[in-house]
Amino acid sequence: MTLTEERPAPADTASSITADRLGRGPQLAVVFAAVVLGALSWAAEGQPNWARWIIVSLVAYCVGIYVVSRWVEGPRRGLDRFMAAIVTSAFLLVAMPLMSLVWTVIERGTNRFDTEFFTETMRGVVGEGGGIYHAVVGTLIVTGLATVMSVPFGLFTAIYLAEYGHGTRLAKAIQSMVDVMTGIPSIVAGLFAYAFFELLFGPGTRSGIAGAVALTVLMTPVIVRSAEEMLRLVPNELREASYALGVPKWKTIVKVVLPTAIAGIITGVVLAIARVIGETAPLLVTVGLAQGVNWNPFDGRMTTLPVYTYYQYVQPGIPPEAGQDRAWSAALVLIIIVMALFTAARILSTVLKPKGLR
Amino acid sequence: MTITDSPPSGDTAAAPTEKTSKLGDRVFSGISLGAGILILVTLAAVALFLFVEAWPTFGADVSEFDGSDTFLQYVAPLLFGTIWAAFLALLLALPLAVAVALFVSHYAPKRVAQSLGYFIDLLAAIPSVVFGIWGIAVLAPILSRSVYPWLEDNLGFLPFFAGPASTSGRTMMTAAVVLAVMILPIITAISREVFLQTPRLHEEASLALGATKWEMIKQAVLPYGRSGVISGAMLGLGRALGETMAVAIILSPADIITVNVISNQNPNTIASNIALKFPESSGLEVNRLIATGLVLFFVTFLVNALARRVANTGFSGADG
Amino acid sequence: MTDRVDTPQTDVAVSSTVPETGPDNRIVVENLNIYYSDFLAVKDVDMVIEPRSVTALIGPSGCGKSTFIRSLNRMHEVIDGAHVKGSVYVDGEDLYGPGVDPVAVRRKVGMVFQRPNPFPTMSIADNVLAGKRLNSKRINKSDAEDLVEKSLRGANLWEEVKDRLDKPGSGLSGGQQQRLCIARAIAVEPEILLMDEPCSALDPISTLAIEQLMNELKSTYTIVIVTHNMQQAARVSSRTAFFTIDGTGQPGYVVEMDDTDVMFSNPKQQSTIDYVTGRFG
């Protein structure tokens, strides 16, 4: 049975398997032409405008490679090359603002990377000078308290979901609510903490502990999610071996399951910390801002690093450069801390993984 | 649960072991259950406390507020600004995020791809306040110098670019671009995951029919990943809706509803408005701000619920 | 013409070295060596596959049969670093010659896989047309419908699905899915059809259906099939090649190739005898 009647004419010749291909030379020529065209876009102004150069070159390359490839290789190959160019251009396009951000923070942030910056507070400082000592203390206290509250909260919830509550309706409800919690905007969490403390202790209260409560609302669902996943990954055979030895369930969890999952759990906690350490909005409404160090989380305002960064930039005082310099340096410190936490999480997850598991 | 045929070495009596273990089990499981219930309580508390704090707003006399707006008049431009900014951010971010995800999953050299993925995840963690100061210090001047005048001159007949073009760059468009850059990593990460999971079998089926790489992606990868991408997009949208600091720093706000994105008069977002006004507010003002927070909570709740629905049901191509 | 090995098993069949422009769709493999990066997976294959016939490739697991068959439509090089040395002539044209487009090769040489893989998001009709749509700009509706019917009839599937052409392809049974994949493959009108263990994921009834289908298809297409099942090879093929491997890490190679009934009743090489009588593999 042949299919030879009414065969629609194919776009490329049916029997030939050779096709003209675009060689390296012409491809590079298109790249070169695109770069030159991009350069021309700012040539009139004398000074290189990097953003415009890159964008124009990318557009020129995409169009150019499509036209050339389509002419030499045919429409299908032309489209294939065009899409490859588009996808690569998208990547480069996205890299630009991110590179710019990192570069800007590094360039402007190193202006105030001096000892004074790390040891002084803002007490009595109006213009030059000042530092982030109090902000670092504040961040450590607030984030530390939040971690202390959210880790047991999140971990025990995860233990319930993974070890006790399999498939029950309650567990499903809790899982849905954890999902909802991950979507709470950070400012709403801050408002909740404010409302909580106001209804309990009266209006206008600002305190470190209130900020910690807000951060706990943000951290706990992250910890629950990752801890639950880690606990589920522990093979059931380990639990059964423990039960068969007569070990009660709670001891099995504490002595067998948790140690096996600990690497992933710690990684999850570190990542949760990384996520909240830069949060500004909830701390703005709960903890506020102070000029000097406040060691007491239960009484009064406290400065934290992200809030410090915000205020130093938008209310820099006189001269404004001094405040803005401080803001950039604080931003750099924030980014370094976040990167360090991420790297630590990465290292921990490989180092702590029990040998022989997966 | 404990099988005590032969007690653990060292133990002699089964009974004490059983009693302490039963107590231990009960305490431990009780704590775990308690923690789980506390989650439900917390969420209920959030809704409840916000509502209690917001309540005085709804009954209060209009004259007690600055500006003498009813709550509806007050929150309408803010709600519009919130949704408008998030929508614009998604419009910019989604196609780029999908393209970058495809790049990492199918086009980049294998060795580089993993580091790129890790790098993208890292970018998702940069604090929003840093994005905010970069936006106002670097991006806004660039856009106001090169882009906004051009838009006003050439496309000014469209209501979006009617101008007058802001010289400071503190516009809705600048904020939307920064928001787009902020939500891009999360959409990219989810999309990349889903593209990498396309079964090899389907990719090879496409190639064996004589498809080019792009044709294979159109035939096998994109249809498979569609629901994942949508779910990622909704998550990104949710993030953008709740984003506070970047908008607070960048936007120059006014009490209007407009689609003009390049002028100095922009509707503010709910979150940014709270951040700007809360520290200095007192009395009924505070209640009103919290009431707007409640509105924001609802909106993000809806968007995230939709995202979950799409992620769970829309799994076409899960078999085979 | 038979490819007979006169030398000990480490060497391989020697056949005609001149590619003949004989009848259509004859495949001449010449000195083919297949690599994964630096690792030689299959060595020194020389064979001739006659047109409009079924040729079976048998041998123990891991001896390179799948690798070899995938090199016949240049699917092998989809894996990073994979390449070949040597030639595969179809109609006198070397598939690995300079200037050859692998995409065009795959239109000429179709493939059916071990596990059925219809596109899950497409309807049955769209699945059949998937390959055709890649190659032609627009197929008008009636041409498309005719092609769908022809291909599905060609795959012995038309009667079973003609009333649900717009339903998803994944809703069919395993055997039906595999026949759908065959319909999809023949819709682009290849000259050669490669089948990589097409029945290993199917039940005996479906297997029988596919084997009957092969019997009909061979009057139009040149079919090469990899199979683990010697009885199947004996049932469907007219020529059989036996691959083996000396050990892990060693390259696979062809021990012997002959008419099927000879291979199973009176093979020349000892290892062929051992495999065919079930002493190993």
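Note that the chains are named A, B and C in the order they appear, and that numbering of residues resets to 1 at the start of each chain.
Just so we're on the same page, contacts are C-beta pairs under 8 Å (C-beta built on N, C-alpha and C of every residue); 3 or more make two chains touch, one makes a residue touch a chain.
Not measured: the values here are computed from a predicted model.
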If a chain touches subunit A and subunit B alike, it appears here: C
Highest-count interface - the chain pair sharing the most C-beta contacts: A-B
Chain whose average C-alpha position is farthest from subunit A's own: C
Distance between chain centroids, defined by C-alpha means - subunit A, subunit B (Å): 12
Chain centre separation in whole Å, for subunit C relative to subunit B (CA means): 49
Interface hub residues of subunit B, defined as touching at least two other chains: 212, 215
Contacts with 2+ other chains: residues of subunit A: 76-77
Of all residues in subunit C, the ones touching two or more other chains: 103-105, 134-135
Residue ranges of subunit B touching subunit A (in the complex, touch as defined): 1-8, 17, 21-22, 24-25, 27-29, 31-40, 42-43, 45-46, 49-50, 52-53, 95-96, 99-100, 102-104, 107-108, 118, 121-123, 125-134, 136-139, 142, 146, 177, 181, 184, 212-215, 217, 238, 241-245, 248-249, 271, 274-275, 278-279, 282, 286, 289-290, 293, 296-297, 300-301, 303-305, 308
Subunit C - residues contacting subunit A, complex: 91, 93, 95, 97, 99-101, 103-105, 108, 134-137, 139, 143, 146-147, 150-151, 153-154, 186-187, 189, 216, 219-220
Parts of subunit A lying in touch with subunit B, wherever the complex brings them together: 49, 51-52, 76-77, 79-80, 83-84, 86-88, 90-91, 93-94, 97-98, 100-101, 104-105, 108, 152-157, 159-161, 163-165, 170-171, 173-174, 177-189, 191-192, 194-196, 198-199, 203-204, 217, 220, 224, 243-251, 253-254, 274-275, 277-281, 284-285, 288-289, 306, 309-310, 313-314, 324, 327-328, 331, 334-335, 338-339, 342, 346
Sites on subunit B touched by subunit C in the complex: 110, 199, 201-202, 204-212, 215, 219-220, 223-224, 226, 316-320
Touch list for subunit C against partner subunit B, complex: 73, 75, 78, 80, 103-107, 110-111, 113, 115-122, 130-131, 134-135, 170, 181, 184-185, 188
